[in-house]
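The structure that follows is given in the form of structure tokens.
Chain lettering (A, B and C) follows the sequence in which the chains are written, and residue indices restart at 1 in each chain.
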């Protein structure tokens, strides 16, 4: 549990977090526009800025009290910076050893972790020869080797290209689960939130606006997570083995979807599926002579007011998951859709988040 | 129109030829230690004759080098005798114009110790931390100080306490800033009413027979060979009026 | 005394110069490093004033600086009184201590400026990263700052050392040219020249020149060998 109330002035920017209480299990995402104070809050939480004041307790341990602050090296935190911040005068191994030498003993060895993040073959290279993605892998391994009780990541993917992002996102997700280290993760990309977050801390103008689970965050029609692609739903479920047509079943009977197999093994763990509301159509009965494969019976929960010529219809699947559909007001009137009505959701495009 | 033009032209010609306008002005190169003395004499000379003498002050060696390289000076007042004598040898001066215009007077000065009466005791016991003198290798006042110490028979006693200023001005600074409690300085440095040492502490003047005279030589330079004003200024400096000023500033005259 | 090419010169000024230069370099490294760090990370506009003060010895004629030092270092001077608080006895001027203090002031910009520029160029995130890896303040300084600012530190040390070896005006003023106590090589050369002992002057100058070139080559050699690319 991380709780406190922090303030920090940086130039013209003032952070006034307000009192907060954060569950520290799994991945907590700090989300907000640039300039909302995400990074400043993280600097205050980690004790990296000596001008911080307020209160902060981590699992009952005092980290900040007024102007007094527990020095960063004694907080047992790990930090992954946007640009990796590797020591340029040390090799890859040297960077990792820097962490090991100062960490309590135990946990994964340097070689094991290097292997796990995929940089074992680069150990003796200079860090200046690495690609952006490789640097970030080293930074993640280095942070984990210091055996942190809390791992902070400040936009670790934002400087990377889409391919490296695609590789690192699942790696971070898996490492979080394997190590059990609670993570504070900063991003301004909704897709990373939808993929990783157990809960989301929304920030604006230097304040924490609200803290809620990902599910709660996505149920708000005006959720800040909805960007220019419009409203989004995230479905959770397990993935089956491919059938004779090469497609895998996703989710339980009654809300089953068919999708292309993943590029790497999911080991039967729950997966998240991101579905844009604009890719979901609604039908009054289940069409059979249609190319769209994925039809789900859903019940209409609520209908949002018309906005920019579109209407968002919130529906529930048989398993109680939220699925949003975006239709025209004309269709709404033609089909006479009202809350409580049972309809079929036709999903045009579906892919696993990876 | 023509009537107007003539005087204007005359004025332009007059301005354009400094020889005409500045005919009554002399340029003199003067050793820095003699600054105030000669300024006072120059002012009196101007009042009396209307002729102006402009002075350039600097270290003797530098002035000598400037003269050798053609600097437009009419008179040269050095702090030693070597440089003017060298100019004589090099034929850069008016024949027969060399003379010693002043002699430096050595003084043992201390703001705190009773040197006026007790110089023998003070130097003999050498209980002070430092004795400041000018570097005997480079400055005539330093060589003179060393001579005096030897004549008094205390040279070996005070030798470990000696600190060397690079010039007599520098040796004076050591005493004046309190880093050395006493030192051999020039009388001219303590009798000047504007000196920070004026009227403070006491001094002893070793007899003129105890050290070789610290002569300062002057010459009229070749450029002013036929300038009667140059000779006029020298004559004034050597008159009773001039001598009084020189002596008042702590120099003696042979 | 040593004899070379039939010319004998005293080795004492050489040894003294070396001792003063080494002491000054060590002191300026100890004093200049925190000062340079502080200046490099100062946000207040007061920084300009301090930077100007540090650079002052670059523009002040050495004899002027020397004169002020004479005032500060006389037995009743501010600096002497200050050091008395720490049990200092004796006189600063005309002593080894005085020479070192004079050299420290005179060489201050030569140590502080390269250090400051090196510290300014240092990415602060690397220090943050080290802090999150449990490295304390001194640990961070020696394992991150020193290796990354090594060029700046080397330049500061070389310039300080070379500048002290070659310095003349200030040591002449505060040292008083006392044989075997404060007569450094540059003053010994000056004395030889003024006394027309050109052979001795040439010998000492030549030795100083060779020594300086050797030191500079050594430093540039080290610098190249340990070149580090940052970024």
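Of note:
Going forward, contacts are C-beta pairs under 8 Å (C-beta built on N, C-alpha and C of every residue); 3 or more make two chains touch, one makes a residue touch a chain.
As the structure is a computational prediction, the values presented were derived from the model and not from experiment.
Centrality by C-alpha centroid: the chain sitting nearest the overall protein C-alpha mean is C.
Comparing the centres of all chains, each the average of its CA atoms, the largest separation from chain A belongs to B. The interface with the greater number of C-beta contacts, when A-C is set against B-C, is A-C.
Taking each chain's centre as the mean of its C-alpha atoms, chain A lies 88 Å from chain B. For the pair chain A and chain C, the distance between C-alpha centroids works out to 55 Å.
In this assembly, the C-alpha centroid of chain B lies 38 Å from the C-alpha centroid of chain C. The touching residues of chain C, when paired with chain A in their complex, are 123, 125-126, 128-136, 139, 143-144, 147-148, 228-231. Remark: chain B residues 129-130, 132, 135, 137-138, 162-166, 170, 173-174, 177-180 touch chain C in the complex. Interface of chain A with chain C (complex): residues 46, 48, 71-74, 76-79, 81, 83, 85-89, 98-99, 102-103, 128, 142-143, 146, 148, 152.
Here chain C touches chain B in the complex through residues 67, 70-71, 73-77, 91, 93-94, 172-173, 176-178, 191, 194-195, going by the rule given at the top.
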